[in-house]
Structure formats: structure tokens, C-alpha cells
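Chain IDs A, B, C, D and E follow the sequence of writing; residue 1 opens each chain.
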Amino acid sequence: MLAQTIEALVKIGLVLGGVMTASAYLVLVERWIAAWVQDRLGPNRVGIPLTNIRLWGLGQPIADGVKLMLKGEAVPKHVDKPLYYLAPAVVFLGAILVFAVIPFGSVLPRGIFPESWQLHEPIELVIAPQLDVGMIYVLAVGGIAVYGVVLGGWGSNNKYSFFGAIRSAAQLISYEIPLGLGILGVVLATGSLRLDAIIAQQADSGWWNIVQQPLGFLVFTVAAFAEATRLPFDLPEAEQELVGGYHTEYSGIKLMLLLVSEFLHMIAAAFLMVVLFLGGWHIWGLTDGIDSPGGELVTWPVAVLRVVIMLAKVLAVILFFMIARWSWPRFRFDQLMQIAWRVMIPWGLANLGVVAIMIEYGDRIGAATGIDWRIWMALIGFATLIIVWAATVIADPSRTDNRPRRDLPVPSFLADEAN
Amino acid sequence: MFDIALLLPLIPALPLAAAIVIGALGPWLLRDRSHVPAVAAIGISCLLSLLLLWSVHQEISGSARQRPAALAYTQHESGGSAADHGVGDDPAGNRNSAGATAVGFERIVRLWTWAAVEKAGLAHTELTAPEPANAGHLGADASTVHTPTARPAFKIEIALRADPLTAVMLATVTLVSLVVAVYSIGYMHGDRGYWRFFAYISLFVFSMTMLVSASNFILLYVFWEAVGLCSYLLIGFWYQKPEAAAAGKKAFIVNRVGDFGFALGVFLLWTTYGTLDFHDGAVPGILGQTRLSGAAPFVGGATATAICLLLMLGACGKSAQFPLHVWLPDAMEGPTPVSALIHAATMVTAGVYMVARCTPLYLASVEAQQIVAVIGGATALMAAIIAITQTDLKRILAYSTISQLGYMFLALGAGTLAGVTAGMFHLFTHAFFKALLFLGAGSVMHAMGGVIDIRCFSGLRRIMPVTHWTFLVGCLGLAGVFPLAGFWSKDPILVALHDQASTSSAGSLYYWLYIAGMLGAALTAFYTFRAFWLTFYGPLRTPPEAGHHAHESPPSMTGPLVLLAVATLGVGAAFGPTRLFEQFLLDTPSLEYARALAEQAAAGTGAHVGNDAHGAHTAVALLSQAVVLAGIALSAMMYLGRQIDPEKLAAALDRAKLYTLSYRKMYWDEIYQATVVWPAWIAAQISAALDRLVIDGLVDLCGLAPKLLGAALRPLQNGLVQYYALAMVIGLLLLLGALLW
Amino acid sequence: MDPHDKSIRWIKPPELGLLERSYLPLFLDGITTTLRHLFSRKKTVQFPDEPHQIPDPLLYRGVHRLNRDEQGRVKCVACFLCATACPAHCIDIVAAESPWPDREKYPESFTIDELRCIFCGMCEEACPVDAIELTSLYDLSGKSREEMIFDKEKLLSVYDQTIDKEPMRSRRQTAQPAGARSTLPTDRRDGLPTDNDPS
Amino acid sequence: MARSASRTARIRRRQLVERRLPMTASITMHYELALLHNYLIVGAMLFCIGLVGFISRRNMIVMFLSAEMMLQGVALSLVAFSRVHNDFGGQILVVFVIAVAACEAAVALALVQVLFSRRKSLDIALWHQLREEGLPPFPAQPLPEQTPEKPQWPRLPPAGVQPAPPSELTDYRPDV
Amino acid sequence: MIDPRHLYILATVLAALGMWRLLPRADAGGRLGGAALVAVALGLFAAGLPGLSNWIADCVFYVLAAVTIVAAICTVTFRNPVYCAIWFGLSLLGTAGLLLLVGAQFLAIATVVVYAGAILVTFLFVLMLAQPEGRASYDRVSFESLLAAVASIAILGLLTVAIAGVFQRSGESTAFPAPPQSAELHQKVLHPLHTAQLGAELFGRWLIAVEVAGVLLLVALVGAAVIVLHARSGRQSSGPQHPQSGGPQQW
């Protein structure tokens, strides 16, 4: 019991510390990339304090954190205080709780701890192993995170915040559906909701889900961007329109929690993309493993290598997130909604249908044609992607008419203005 | 090549499909092209009908050689005691000795069973089983046929039949429909309801073809009603016109009277025969091979008379015969192509068709035959008299239609095989020349801007030569001038009557009918040519509605006219003297039966049908020609040459109120108004008052008590759902408390 | 804005082609631009380590200086034109009787509050004797407000520091090429150039 | 799973141990039965609290929240029964309850939205057309109008005029 | 020895009075007293509950139940509907925890996903859009607060007393069905692949019901859309012009 508690605490500490540190440093990376894309150098001065050692600016996150924590906090007079205080906590909680089920490696080798500790070996590198509802848990926690934003916006009692909150609520609820649809395809292919099982399935077959379900990957990626409110979907805090969106009225450590939560969302989304679609810790030839359930064949080098590969993949995805930010402009809000409801959900459904059919009949098709059915699945997956994309392009569902309605009577507030 | 089983359903199916297509797409897609599906479907149907006709002909001529010699029926003696249960009245008793080997040609196409009720009817053992006394005389196989049936099942099969009668009717109907549809393209051009018209026409063609090819009474009745519906829709096609709407209503209601009789007749048929099929099924069909070949006899006596008269009532309604003829002249409010197609050529002949189809039933009842003949004769004469004085061209033609239909019934009522075939032949030729005349009248109306009163125009032959010549052909055909269709079809009718007058037991009755027919022929010639002279001769006058440039109609209208004129010229000569039509029709089971009966009668009397009286027939023909020419001459004198002043003559006749009698259509509308409409209206008013005052008052009184009670409880219903929920909770509380304590 | 306003001209949005609707060109365009810039040469100047190169010192408006004439005297004649022209009211002049015969007044004290100054160059424009000028010194900083109020001596010392690099305006103008405006087309009726003119 | 197996093993060892409650008599109850008992009571409480809210609250949305709460109470009881019967039936019924609740929420929200847009109020008392004819409408209880506290928005002075410092800052300025 | 049923009756009376005081009323007083009454009543209820023979389980259960019930009471009694929704969210989380405790992993998460993640947020959304400025008068009064509280809580009393009575009798007689053994539970309801088991049951034995529920969801979706769209189009059609005539489409 004690050993298990300690094991859990160690893992929690590892994950929390790692993720928080990572998010701090990812801020630095984000600033670097922002600078580089704009032909600047980015922060590169803050190194070890009181010395001239700059270390390419690696001390910057510490300085930022300290600054935000020590800064005076201004609480506006007009806010709804309980909600205003509750919001950052909820946002942060929602962001951090996701990591309970996200594996950051596979397992540790057996036999490294004494029997008397009664540990369940091999140690799985995830805080809550064996949680049977892993994937839905992710969705549930993601749903909780909406509250923080909504409450922050409402509690701030400020129209920019409120607009941001309302937009955010609509966006997050809408994009939960394509997110779920993207996940469902993978879950269907795996037959389990557990993330380690999803990785193991990809590793065992050697076919990553991105190859098997490219359409699902696309849908999931777009939905993940939107759920993380990253550009081009950062409507809730669109600076040009809403000052700062729902965190306009926040400052100090509360602001830091909100900002860190955004990075945590991004990290979680990157982890999920890697786990669901990019094979997790798997690389062909390096970390192939039929062994994941028992971990018998896992040796220390393999275990470490898997962690490294997984984190490398995650980092790559995060870099993509950051580069994407500077590559494409923000969507208009109506376009955002159109994309969710009229593009991504049909795509997700199409993907789900194709995956279901292939899971059910794939081996028969394979047997009939003499070709591995996973090849068929990949081919059909890409064909589906092209077909639905082409259909979407032709049907053009994301177009909306935003022009003012001149056939309606002038709204009263405009009429007053005219007078 | 084409199987009958394929052809037969296709013929009605195509117009139905066209009707659906036009109905669905007409208002927004087809619009001015609405005629395309209709004409195409009817055209193909027409082609298929001709193919069917040919196929039937091939089948008959192929199978005529190898008809089974005998079905081994024993002769059934006619017993005097048979009368009490209706078997074997004198014609029926005699016919069994005919051998009845030939039962004609028929082919049944069963599409599906619409309804099936097991053990619906009464057991008809007493109908089919021989009397116990006669049982010994029957052969072994006869007893197997005559086994007492269990209670028969009531089955409605969607069964179509192909036999010569149906084939001829189908060909006639679809051909005339095609011609009229083509004509309508020009005539209805630019009308607001263009698509609607062609949808209705297609629907009508579907209904009519189904009617003539139906093989049971239910289906016949259904499509009998369906053509009535189409007729109603098309009469009231211009429903904005109050006259058209009223005419449609009148037609519909008058037809209901006839159809009620028809329905009763069908019920009686069911209770009598235990089936409604024409053909043999599990039970021998009413007109089926079994019954016709003598295995299951027809019911005679009062039952037969009742059945026949009820059916006749239906036929009277549909074919506008004497008491129920009043709707047809009013039906001329519809578009002229409709008058030509429905109210002259096809639908109104449904009654004739039905009576002809049921010939064996009528043969079982002499009284019914005579009544048919009397009604036909009366109608023919009466309508002709009325037509003399009418001034509306279409009404003249309408009354002539009634008159000609009367001729047909006269022929059917003659009760001889020759009469039946003559009636059908008249139906066939009449379809062409009456359609021609109506279409000609439509052409005139088209040119005159909708005016149809012959007093308003004259001398139109100069501006409408084609219409003039074709109309002339039609008039000659209708009048029955020698080589034209009317002569060849009307003459056999008169001959049949003449024969019947000389041979029948009721000779004097038929003699008077023969005279009425002659008189009718004269009057027909007179009024036909009266209208013709007044319209096309004399000084050129056009009504102001026609505008300055009254002109001949477009080719799409004159083309059908010419086609029909050619048919009128040729069809009589082609089928009349050669007797092809008659020979062909004789292979119809019903008529085959009549022939067998006639042969048997002839054998009984030792005479030979149709041979001995050749001289008499020539005399009849010459007499009729003379009468017709006299009528034409008289009209020419009155209206062309003005040797006789028609007004003076009218004034002279009117001293005995004769002219007014004819002009006011013998006051039939007024009589109906006084005897039916007003009493019904008064009764309705009384009933309404009674209902409103007495019955409603009582009911209201009963309703008052709950109302008072409700007023006391009303405040509980305060409209707030939560109070209702609270009441529920309190109720639940009481319930739980009672349960737990 | 009243959408019923008749004066509004409604502009039709551009129709997108199939390819553009597929989002792929935009996608590729965005990512290639980003990647190109990601690896391109950076333009940042590492300021304290590398000196900032001002492209044209003559155009740059930095710290003020008070010019001296040939005899080393302050050129200013205390006419107050610069103080009048200054939109930030940062120039404070105390005039006094000139000790020299060639002018009536001279500034007894001449103070510029560099914290209030907006470096617009109006004073330089206004000065009739080219006494006040803006140099290209940009790294002006101080540890107190008082330090940032430049008096006459300090302004003159700026002149002493910078005179070698930046000659006085009067001398600059001689080096200027012939006036650009004289080359403008004059055949137009109003004689004014337009942006649309193809020449 | 193995962990929970060991936990239940321990529970099995102790499941008949008596436990003394502070006020009541010592109640000996099988672990599963005790669980069922407690869950039923909690479920009943949720249900009844929801009932109170549904009957008495006038805000339409709060009414719906209360209705959902009643569903939650039922769901708790069902799941407890499911466990004590060792059968998935109860849980599956809860799945359907959730589905029905989702439907209800969708339709209810649509209705609320429409009703709100008609009367600009969420008051259920405005909607009593179900009442009998001739009855007076629901009497609105006279309430002292509670004027909302006037929010103090920061205001910019007119251009060119120095903003006057807030009164509380004229005496004491901690930031200077 | 105190019969827990007596405790429950006492608690019911207190809770009814407390709820009455807590509900929004025109006189707007006595809320603190109401809260105290309700707290005492809850304590009495808790005292009547049998222990779970494991102090950890006890703690977890009592904490979760307290969170659930207190949040539920707050939901019903708070004046500000936004707070009501938030409290309801907390109550839902407590319920999810209770479900987790009893081994229904999937339902716990599904409750959070569907209720908290979707339904409640949508409620909140509408509430925020529809909430007028200040506190609405209808949020400060309630219908028949005394009668509603007393009747509803009386039902609670009946239920709790009945439940307690049934369980007390079960200790005496053997007629009560034997509770399942832990091993049995782990074979079925607490199976390690709990979700898969539930899914197999759901899509096997209850497939038709699932289909029906799916149809119901679809109908609700369409219905909701139709209600809103219909209302919207109805508003528009009352405007002076037809929507398509003379709009900006006329370039």
C-alpha cells in the first residue's frame, strides 16, 4: 500500500513537474519560434542570474514565472468575485487532470523492486494505469475545462471577457464532437479505451493510425487545435477583437494559471495525437514490441528509448502547433462553426463508417485479395480522405453570408444612432 | 413476339404513368410541354392496343381449327320444376341442348389479389348442384363439377382480360384518345390548366382502358367510378365558370343514381352467383367458360330481371339514357376535346359495353331485354326530337349522342346476336364520326372565339374549308348515308329490330321500336344537316368574339379531323359488308354463347339465321336511305334554300306547344327540379332545423351539469405546471404514506 | 452603420475557385512562408554588443545640440522661435542682453527637458540661425529626471562631441542636390503632381 | 484491477466487522448491503431536493436543473441496485437515462430560448396559458424592486483635461 | 439503542423547515437558520447510515455524499441562476464520484462528459445570454415554498424510513437476497474490462433499446432545431418585407 502510494506520488511528481517545466520552456520555445518566423532572434539574454552567462536565454521562463508570481494583482471592483477566483483554478485543474491517463512511455522492466513492496510490475509509465475508461476520461476532463473559461468570462463582468467566454463555450462544445469522432475511429480500431492499449495495438501491428485513418487524424488534429484554442482557432482570446478574451481582467498568478493552462492543453493535445495516431513510443525496428502487456522483453535501454521517442514525437507535434500559429490567419467565428458542424463532423462520421466497415470486413477482403488488409485499410483511408475533401470543396459548406440584412428593419440601436 | 400478358397491363399502365408524371412535374417543369408524356403514353398504348388486337386475331384464327370438340357435358333437360329456383327459364332451358362446345376466346392476366376474405359468401350448393330428382340423370363428371361448394371466398383479383370485345374496345378507346389528345395540343394551347388537362386525359385513358379490360365486376365498378371522376374533373375543368362547376356536379350526382343501381346489381350478382369474376376461378365465373358451356346455369326469373335492370340503371346513368340523360347536354361545358372523347366516343359507351359484356345475363331475362329496348328507343326518339330545335352546336351533338346511344341500347335490347353485334358495331363507328363532329365543332368554336351558338355565325365554309369538308363527312356518317360508317352500323340495328318484330313473341313491341328507329333516323338526318347548313352555308357571318381574322384551325387540330374523316369514310365499308367485325366479335365468350343459343333456336325452329330475310333486309336498307334523304332534303329546303320558312313552321308547331316542348328539352330539367331537387332541399332544411333546435338542445342540456361542476373546480387549474406537480407530489405522499403505514 | 444607407456601395467578395476552396494553396503558402522565414537570416541587432548603425545620420533625430559659431560662441540669438514651435513645450530659454556686438540677445540659459521632448525636429526647422540641431545620438539615458534636463553647457558639449561626425546644417544644405520639386511636371494646369500620374 | 482485487480481498476479511456509530446502535451490515442502503438514501435525497427545486423555483432553467437532479438521484439508486444484483441492467438503464436527459436538455433549451425571446424573461409564471378560461393570471407578488448596484466603470476624462485623482487616493497613495 | 428510523423522522422535520427557510422567499430572511437546520438534518441522516466497514471507504463516501447533497441544496436555493448551475455542476461531480466508488466507471465518466461537459455548459450558455441585468424578481421568490418543501421532504422521510426499515428487517430474516460475493462481482460488474462488459451487454441484450435511444436523440436534435428555427422564421416573417426581396443580393 505504502509502496503503491509512493509509486503513484512519484509518477504524479514526475508528470506534474515535467509538464509544468515543459510548459514554461515551451513558452520560451514559442517566443523563439515567433521571433524566428519574424526574422528576429527571440529571447536570448536571461541566463544564470548575477552572471554574464546567457545560455541562449534559458533562464527566461524562470524570470517570467517569478515576475508573474510576484507582480501586484489587480482585482477589478465590478467582478463577480467567487466566480472570478474559481475560474483559473478550474481551468488549471481541467488542464492538468488530463495527464492522469496519458502515458509518457511504455513500462519499466520487471524485477527492479523487491517483491515485498507488492508493486504491480511492470511499472507502467502513466499516473493512473489500468483506468478502463481512459479515452472518455480525457473527453470528460476536457469538458470540465470549458467551465473555467465560461466562468472567467462571466465573472469578469466585462463585455470583452463575456464575448470571449461565449465564443469559447460554443467553440469548445462544438469541437468536442469532431474530437470524439476522431477518437472513436481509433478506439474502434483498437477495441479498447485505454491509451496504452492503443499504442500497443499500433506497435504490434506496425501500422500507425495516421496511415490507417488519415481522415481521422485530420479531424482530430483540427479539433485538437480548436480545443486547445490555438491559432487558427484562437477565437476566445482574439487579441485584435477582444483585448484578451476571457482573461482580459486577470493579472498576476491567476493570469499565469490561465496561460499555463493553455500550454498544458496544447501539450495534452500533442500527447494525444502522438498516442492515438503517431504510434506513441513506437518506431519500426527500434522499439517494436509485442511485449507490452507483460513487459517481459523490455530492458532498460528499450524502456528509456521509448520514453525518448515518445517525447521527441510530442515535441515535434508541439513545434507544429507553434509553426501553425504563424502560418495561417484566424478563422472568422462563423467559419469556425461551419467547419465544426458542416465539415469536421461529416468527415469524422465518414471516417468512423469506413473504419467500422474495414474492421468488420477487412480481414475478409484481405483474405479474398491475398493482400494484407491493413494495406487495404490504408488505401481506402486515403481514398476516403480525398473523396470527402473533394466533396467538401465542391459542396462548399463553409461559406456563409455575413452581409448585413438590408431586407430587415433597422435595429433600434442603429435607428437611434441614425437619428 | 408480344405476349398478351405483357401487352394487356402495359396499355393502362402507360397512361397512368403519364398522369403521375404530369401531375408531379406538370406545374413546374413540363408546363407547355405537358402534352408530351400524355401523347407519347397514349400513342404507345394505342400501338399496343392494335398489337393486342392483332394478337387476339392471330390466337383466334390459330385456335379456331382446334377448338375442343366437346367438353362432354351431358344435355341438361329443361324441366318445368326448374323455374322455382331460377334455373332454366325458357331461353336458358333451351340453350343447354346447343352442345355449347364453343366458348370463345379469352385470356386472363391476373396481376395480384387485392383483397381476400375467406368464407365470405353463402354456400351456393342450391345454385350449382342439380336437383335431387335430376341427380340420377347426370353423368359422373357432371357430379364432380356440381359438388356443393363451401362458402366461397370473397376475392378481388386485379385481373385483366383479353378477348375480342375488349380488344376492339381498347383499340377504339386508345385510337380516339390519341387523336383527341393530339387535337388538344392545339385546342388547349395557352390554357392555364394545360398540364392539368393532359394529366386528367391520361388518367381518363388509364381508367377507361382498365374499365374495358377489367375481368370482374368490382374492378369494373371501380373504374366505372374512376371514369366518372375523370368526367367530373374534365367537365368542371374551367371551374371558375359557375356553369361548368354546376355541370360537373350535375353529371356526378346524376351518375350516382345510376351507379347506385349498378352497385346494387353487383351485390345481387354476388349473392346470386357467389363470385364477381367474369372468368372462372375457384368458383365458376359469372361469364366464365364453365357457365357459358352449360355446366353452371344462369339464374333466370325475377332475379335475373332484377340484376339486369339494376345493371341497366347503371348503364343508363353512364350512357345518358332516358331518365338519367339530363347531365350529358350540360356536360358540354367542358372543353370540346373532352366532349369528343369522353362524352361522345368512349366513356358514355361504357354502358353499352357493359350490357354487351353481360349479354348472357340479359338473355336470361326477356323482360329486361325488352325494357332495354324500350328505353333505348324512347331515348333515341326523344333526344332526336329535342335536338331539332337546339341552337347550341355542341348541344345538338350532345343530343345526337344520346340519340345514338339510344340506338345502341335499342340494338342490344333486340336480344339477338345480330342486335348485339350491331350495337357494338354502331358503338365502334359512332366513336369515329361523333368524335369527328365534336372536334369539328371544337374547331368552329376555336375559330369563333368560343361562341358556339349556330345563330351567331354562318357561311363558314369559305374560311374553314377543311373543317367544312370533314364536318360534312361526319354529318353524312351520322345521318347514315349510304357508303359511310353510319349506314353500315345503323342498318343492322334496324334489320335486327325488323327481324325481331317478325320473329319474336313480342313482335308488336319491336315493330313499334322499329318505326321509332326509322323516325329517329329521319330526325337525325334532319337536325344534323340543319346544324351543318346553318353553320357552313349562307352569308358569311362571324360573331364579334371571333375578331377580324377568323381562320382555319392549326394543323394539329385539322390533322385529327382529316384522320377521323377518312376513318368515317372507310371504316364502315371495310367492316360492314364484309362482316369482319361481327365475325371477330363472335369469339368473345359472351357472344359466342349468344351465337350458340341462336343457332340452337334456329335449329329448333328449322329456320336459318339471316339468310331467309335477305330481301327484307334490302328493303329495310332502302327504306332507311329514303327516310334519311328525306330528312336531309327537308333540312336543305328549310335552311339552305329557304323554300320553307322555319320560323313559320315553328310557329305552326308551337300552337300545340310542340316546338316549345322540344326547345325546352321536354322540360326534363324542370321536372327533376320539381320532383327531386326541391323536395330534397326542403327535407334538408327541416332536418337541419330539427338537429339544431331539438337534438342539440338536448345534448347541451346534458352538457350543462359537467359545466357547472367544472366551474366549481376550475380555480385549481391555474395554468402553472408547478402547482400541478405539487398536487402530484401530495398525492404521491398520501399514496406512499398509505402503503407504508 | 445603417445597412439601408443608399450611399453604401456593396462590394462583392471575390469568388473562390475550386482549388482555393480546398484550402490547400493557402495551407501550403502559409507553411512555406513560415518555414522560409524560420530559417532565414535574422535581422536583429544585438545592441549593446554590436553598435547600432544608423543608416543616414543626417536624417536621424536624436539628442539636441547647441551649435557654436566660428568663434566658439553659442550661435543662438534667443529669438524663442524654437520654444514657440516646440509642441511639447520642453525648451526653456532665458534671454539676456548680448555681450557681443553682432546680435542683440543671447540665451543666458537654454534648457531642454529631454524627457518631455518628442524629437520631432520642429525646433531645428524653426531656428533662423541654425543654432539648435538634432544629432544622431540615440542611446540617451539617465538615472534621474534631473539628469535628463539638459542645460546650455551640456547642449554645447553635445556639439563638441558630435561636430566631427555631423557637420552643421548650414553646411549640410550646401551639399544638398538641386531641389526635387523643380523637376516636377508643370504642364498640368494646377501644376501639382498626382499619384496616378504615370510619369 | 489487481489493485482493486486486493482491496476487495481486504474488505472481504473485514466485511462482517461490527462498527459502532457515534449516536446509533451498532449496526452490523454486509458491506454490499450497507453500500446499497447508503446509496439509496443519497439517491432519495437528491431526488427530493430536486423535487423541491422543481416545484418551487420560478426560473425555467433552474427548474430544468432540478429535474436533471431528480434524474441523478434515480441514476444513483439504479447503479447501486445494479451492483447488489451483480447485473448490468441498472447501469444500462442509467445510460438510457443519460440519453433521455440529453434529449430533454436539447428540447428544453430550445423551448426556453424561444420562450425567453418572446417575453424577455425566464419567469415560468408568465406562461400559464394552460389555466382555465376566465381565471385571473398569476398574481405577481409585489416585491421591493431591488435595483442592481450601480457598477462603477472606469471613466476617461474629456480630452485635454487632467483626470482628477480618485478621492480615496488623494489622502493615501500607497503606490507613490 | 436508537432506531435510525427515528433519527430519520427527526431529520426530515428539520430538513423540511430548513429547506423552507433556505428557499427564495419574499421576506428574504432566516437563511442562516435554515442552513443550520439543514446541516443538523444532514448530520442526523449521516448518523443513521451504516458504516462501510472500512474507514477509507467511509471517508470517501461521506465526503462525496456531503459534496453532492450540499451542492444540490445550494443548487435549489441560490438566488443567482448562474450559481445554481455551478452548484449543480459540483453536485454532478460528486455524483460521478459516488458512481466511481460503486464501481460504475463508465457511468461516472459518462455523467461528467454528458451532463457536466455538454448539458450543463449549454444551460450555462443560455443562462448567461438570457440573464437580465441584476437579480430578477422571479429569482427572489418561489412558489409555495413551505408547502413544496414540506411535501417533498416528507417524501424523503417516507423513503428513508422505508429503506431503513427494509434493511433492518433483512438483518433478522434470511428472506432478503444474499448480497453478491466479491469474486462474483469481479466476474461481472467490477470486471477489469468493465467498459467492454457494459458495452457487450448494451449492444447485445439491449440493442433495440439502444437503437430506440438513438432515434430519440435524433428526434430531439431535429426537434430542437425546428423549434428554434421556426420561432426565428416566425419572427422574421412578421417583418415588412420578404427575406429574399431586395436584399444585398442585388448587386
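Here is the rule we use: a residue touches a chain if its C-beta (ideal position, glycine included) is under 8 Å from a C-beta of that chain, and two chains touch if they have at least 3 such contacts.
Note that the structure is predicted; figures quoted are calculated from it, not measured.
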Starting at chain A, fewest touch steps before arriving at chain B: 2
Farthest chain (mean CA position) relative to chain A: B
Interface with more contacting C-beta pairs, comparing A-C to B-E: A-C
Chain whose average C-alpha position is farthest from chain E's own: B
Mean-CA-position distance for chain C and chain B (Å): 108
Separation of chain B from chain D, taking each centre as the mean of its C-alpha atoms, in whole Å: 77
Euclidean distance of C-alpha centroids - chain D vs chain E, Å: 6
Whole-Å gap between the CA centroids of chain A and chain D: 30
Residues within chain A bordering two or more other chains: 130, 403-406
Residues of chain D touching at least two other chains: 1, 51, 55-56, 124-125
Residue list for chain C, restricted to those that touch at least two other chains: 3, 10
Residues of chain B that touch chain D when the two form their complex: 710, 714-715, 717-722, 725-726, 729
Sites on chain A touched by chain C in the complex: 33, 35-41, 323-324, 326-328, 389-390, 393-394, 396, 403-406, 410, 414-415, 417-418
List of chain D residues in touch with chain E within their complex: 1, 4-5, 8-12, 14-17, 19, 21-25, 27-42, 44-53, 55-59, 61-62, 64-66, 68-69, 72, 75-76, 79-80, 82-88, 91-92, 94-96, 98-107, 109-114, 116-118, 120-125, 140-141, 143, 145-148
Residues of chain E touching chain D in the complex: 1-4, 7, 19, 23-24, 26, 45, 47-54, 57, 61, 65, 68-69, 72-73, 75-76, 81, 84-85, 88, 91-92, 95, 98-99, 102-104, 106-107, 110-111, 114-115, 118-119, 122-123, 126-127, 130-145, 148-149, 151-153, 155-156, 159-160, 163-164, 167, 170-171, 176, 179-182, 184-186, 188-190, 192, 197-198, 201-202, 206, 209, 213, 216-217, 219-221, 223-225, 227-228, 231, 235
In the complex with chain B, residue positions of chain D that touch it: 51, 54-56, 63, 124-125, 127-132, 134-135, 138
